[in-house]
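Given below, in the form of structure tokens, are the structures.
Each of the next two complexes has chain A plus one other chain: chain B in the first, chain C in the second.
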Partner chain A sequence: MTSPSDERTMPASTLRPGLPSLGGDRAMLLLLALFALAPLVLEAYLVGELTRVMIYGMAACAVGFAIRHGGLVSFGHAAFFGMGAYCVLMARNAGYQDALLVWPLALLAVALLALVIGLLSLRTGGVAFIMITLGFAQMVYFVISGSQSLGAADGLPLFGRDMLAGISLDATEAFHYLVLVALGLVLLVMTRLSRSPAGLALRGIAHDERRMKALGYAPKRLQLTSFVFSAVVAGFAGVLAANFYQFVGPAYLHWLVSGELLVMVALGGIASLSGGLFGALILVLFEAVFSEYTTYWRIFLGPAVILSVLYLHKGVHPALERLLGGRDD
Partner chain B sequence: MTETPLVVRELTKSFGGLNVTRSVGLDLRPGEIHALIGPNGAGKSTLINLIAGELRPDSGSIRLDGRDVTGLHSEQRVRAGLARSFQVSSVLKDFTVLENAVLAVVGRRQPALNWWRSTLSDTQFIEEAMAALEKVGLVRRADAKVSTLSYGERRHLELAMALALKPQVLLLDEPMAGVGTEEGRELTDLVSNLRNDCALLLVEHDMDVVFALADRVSVLVEGQLIATGAPGDVREMESVQKAYFGTEDVW
Partner chain C sequence: MVFFLEQLLNGLNYGLLLFLIAAGLSLVFGVMHLINLAHGSLFMVGAFVTVAVAGSTGSFWLGAAAGIVSTFLIGLVIERLIVSSLYARSHLDQVLATFGLILFFNEFLRWLSGGTPLFAPTPDGFGGAIEIVDGFFYSRYRLAVTIAALTVAAGLWFMLARTKAGMLVRASASDPAMVRHIGFDVRLVGAMVFAVGAALAGLAGVMSGPLVSVEVGMGEQVLIIAFVIVVVGGMGSIKGTFWASLAIGLVDTLGRAYTPVLMGGLFEPRTVASIAPSLSAVLIYVLMAAVLIARPQGLFAR
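Then we have the complex of A and B:
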């Protein structure tokens, strides 16, 4: 056995990693730059719309992460999104408004909920996993929407956003930039994880679980970690959403949210780390544009999804990436 | 290596009323290529799945290097040194050749999985993976997506991944299935060289390959081992000829 010591035998990928990197995702960097510039040129209402894109995009990227890394199609992420939001409300009810205290605790609560739901749901797979995550999310929905102290079916207003180390986030711009930083951090962490040995293994598990077992991997534990991470990110998006709307209600927990997050992922591109972000952009844009004409704006969404599947094949993000001359994998 | 790498004793498995594995006993000697042959439906694949741990036996034991692994899951057996290849080439198609090999290298080191460091920046992973690819002659294809590989190349990669696991025992489920004569000859040489790395249990339909490669042959018929021995001896046995080739009337 000779070891491949001479440089000729080493593959180019050791010098130029072949796995997706934040730097390589031109479409995403462009979009993040647009988010950064938006408050300088757009009116407050439109800036708010883009803040919304980032929040839902973060949650959609979380859903996409679990699909890519572990093959876990969750139809229950509304539970984690909503749990994050309701934690902000519960903290507020108890008199706490400091983001540095409330937000980590909220994420911890979401992680615990995801651990329990994940442990039980991962006993199944495939379509059964989709249905059981939906089932758990519905349980959370009915428990919380039946709770009088949490506003029951009507929800409760927050009256002002949380404070970040004494700084008010009530201004549209301040909150917009905070969400942008949070989103950037989340995408960085996701990129990092997806390139790690565990991330690579999870991608393999999504492709062929049996094969990965034959390579010595124990899929369930890895999948559970991926699921909990994905849930925590969705919970973070929920925390931000509660602060954005300054209102928390059962709509956060509704299965429609889980469904819309999946639509965002499918539209943006399941194979792309930032796919969910582009799906969120399209969905929020559609709502903003067409809801002026009709409350049934989703009627325009259906054809868009069909066209995207027919002509873009892998989704909007890979198509944009090709357009910008980057790699589309 | 003084221990017998693989010892199978009185392995039994039935699905309902169907006894697919009946009290099978089998040894793999160090550095041996042991072929498992038998007519279709004899239970070869079931036996491989039992040894690999994908199926649970009803009774019997499997020892790997003197250690009882009967109660271990398949992934635990892999880490204990028992690797397998698949009948249908099942390397991960959306990955590059190198990524596939790295997955195997990393798999062996479980459960110390890193969540933070970049996989491809770890030179040790890369070097081990490249060493495995070199053994099967796939180094120059390291950066190619598996989906662009020929069927024969995929079979080579399958072997490289099994080797990257550094097993003591390797179960090869029809490694030549579906490849052309030229590639088949190449693969035969390759498998023959694996002898130096580990003991092999080979399931193969092509008798030319079996007689070219095997040090010993075991014949499985209706879930039972009816003969084990040197290829020449086994070929001459009347019971084997009868079971394997049918009665003389067929010819």
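Then we have the complex of A and C:
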């Protein structure tokens, strides 16, 4: 991202002057309210689907955050998502089931992994970053899926969710609300970060790294911070996903996950903090609708992704926000 | 010694096949600044078409011709319909749209093939082994593939370095506006580069058919390795891509062959059997990390 021709790494529309705030994002508040009300009216299966939307949405928001704040297009977030999930499995293998102990340690492990991958990947910029993150994620996939004690290529079941301070999370509703609270906290932290001086500098870096360097910022260090934060959030989503499915396997680490997270960001709207959440909802709905007709529903997803990239590259969230009379940010 | 020679030739064979794939990726990036995730899909399509046509006609050579021609045409269609509108877009858009192509190709072939791995027959006259030096036998088909890939690589070099068409490609890479102003159609150059790159990946798929199992997902395995090659060799440098392909092919093959042997002296057989496969799978990524530390722009970057 050092030559002028590479400026196209970021679309200019990503950098509107308006700052995101939780209260200002009406579409997101509406969606969160929907998540909160869901267990009261919907049957358990559908509640589970919405829990899934929140978990993948959290990971997708993390991917979007790194793109907006630092211009970092990561095709390797499956590694962090999967690492979070496998930490839950490793803790279980060692006999630990207490969320307050296991989850922070899992996030720490993800942060360390992201620090190493980030340090290496950030040595060059632009397109190479996409390829390198994909490469290292594949390496993590091979290491973990080759480990017999972690279930190798088949994965392992968890037999029950982690305990949160003695409270069982095995009930669908209890876990749904826990994920909702976690998502709310993550979105709050993301909002605060994106409005912080470092967050603003990172937005500048996404737009024009050289100019920010000339202004005296240290782009690489800020980008690394953004990357590690984004990875930790994706890892948290992985921790929640492992508990949701009560199963951990190599599918978490598969490069398809990295791609689908990017698709969610794009479908929802890359300029919006909560875009990934809407993208996750669209993808889950898409799967629900088209898998009615065929198990090969991705035949339709591929062209849909291509068309949306070519013709509506702003995503769904800005349109929704305009519809609800909020600010188009 | 015989084991080493065999692994060396296997590594060379694998590296040259990787070069056919990575070359298209590198050329398309060099000329159009496009990152094409669907490049591996063309490798897969090449292999599938060969298996299907060879299976129904009984002739490997008809299958091979069909594999190369179909990937060239598919490349041309994709370029005109989708990829050409992505040149001016962000790399993120390019990644997303070509990821959409992967989803389509994978699922379409999974639907057609039913998801079971297929096996291509070795062409007539290329079965069995040939004695290269006294007491050293090597697969006749692998040797033929090595020679064919080497010939194609040399042809590609000759075309790029010595012909007018190659000059046009190089000129389009460094200054497309000037090429346009002196009266050449840069869009046509782009389309041809993309289609030839697709056919090269298809050719690699054709030749890999009898060597590996032909299945959905084979494209992405080589795509990711091709990315590693492009990073190691240096973005847009075809020379770098060539040497990096050979290096990755050799490191991967020799690593898989010798990691269990080297570990055998240090650990119990059971530990070796469980750790060695994933350890040797990791070697090429360790090589990428080392290159990123020592020379982040790639070994042969200008």
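Here, the second predicted complex is superposed on the first by the 299 of 329 C-alpha atoms of A that agree within 3 Å, B and C clash if a C-alpha of one lies under 4 Å from a C-alpha of the other, contacts with A are read in each partner's own complex, and residues count from 1 in each chain.
The criterion applied here is as follows: a contact is a pair of C-beta atoms (placed from the backbone, for glycine too) under 8 Å apart; a residue touches a chain by one contact, two chains touch by 3 or more.
Bear in mind that the values here come from a model prediction, so they are computed numbers and not experimental data.
Enquirer: Is A:215 touching anything from chain B or chain C once the two structures are fitted on A? First, second, both or neither.
Expert: Touch partner of A:215: chain B, not chain C.
Enquirer: Just checking: does A:127 make contact with chain B only, chain C only, both, or neither of them? Give me first, second, both or neither.
Expert: second
Enquirer: Could you look at A:288 and tell me whether it touches chain B, chain C, both or neither (first, second, both, neither)?
Expert: It touches nothing on chain B or chain C.
Enquirer: First (chain B), second (chain C), both or neither: which does A:135 touch?
Expert: A:135 sits against chain C, while chain B stays out of touch.
Enquirer: In the superposed model, which partner reaches more residues of chain A, chain B or chain C?
Expert: So, of the two partners, C touches more residues of chain A.
Enquirer: Scan A:195 for contacts with chain B and chain C and give back first, second, both or neither.
Expert: The answer is first: A:195 touches chain B but not chain C.
Enquirer: Identify the partner contact of A:105: answer first if only chain B is touched, second if only chain C is, both if each is, neither if none is.
Expert: In the superposition, A:105 touches no partner, neither chain B nor chain C.
Enquirer: Looking at A:156 after the superposition, I want to know if it touches chain B, chain C, both of them or none. Which is it: first, second, both, neither?
Expert: Neither partner.
Enquirer: Residues of chain A that sit at the chain B interface in one complex and at the chain C interface in the other, please.
Expert: Residues common to the chain A contacts of chain C and of chain B are 9-11, listed in rising order.
Enquirer: Touching chain C in the complex: which residues of chain A?
Expert: 5, 8-11, 67, 73, 75, 120-121, 123-124, 126-128, 130-132, 134-136, 138-139, 142-143, 145-148, 255, 259, 262-263, 266, 270, 294, 296-299, 301-306, 309-310, 313
Enquirer: Taking the touch rule as given, give the residues of chain B at its contact with chain A in the complex, in rising order.
Expert: Touching chain A: residues 52, 54, 73-76, 78-79, 83-84, 86, 90-96, 98-99, 102-104, 106-108, 110-111, 113-123, 125-127, 130-131, 134-135, 139-140, 142-143, 161, 165 of chain B.
Enquirer: If we count contacts the way the header does, which residues on chain C are in touch with chain A in the complex?
Expert: 29, 33, 35, 37, 82, 85-86, 88-93, 95-97, 99-108, 110-111, 220, 224, 227-228, 230-231, 235, 274-275, 277-278, 281-282, 285, 288-289, 292-293, 296-297
Enquirer: Across the complex, what residues on chain A touch chain B?
Expert: Against chain B, chain A makes touches at 1-4, 9-14, 17-19, 192-193, 195-201, 203-204, 207-208, 210-218, 221-222, 225.
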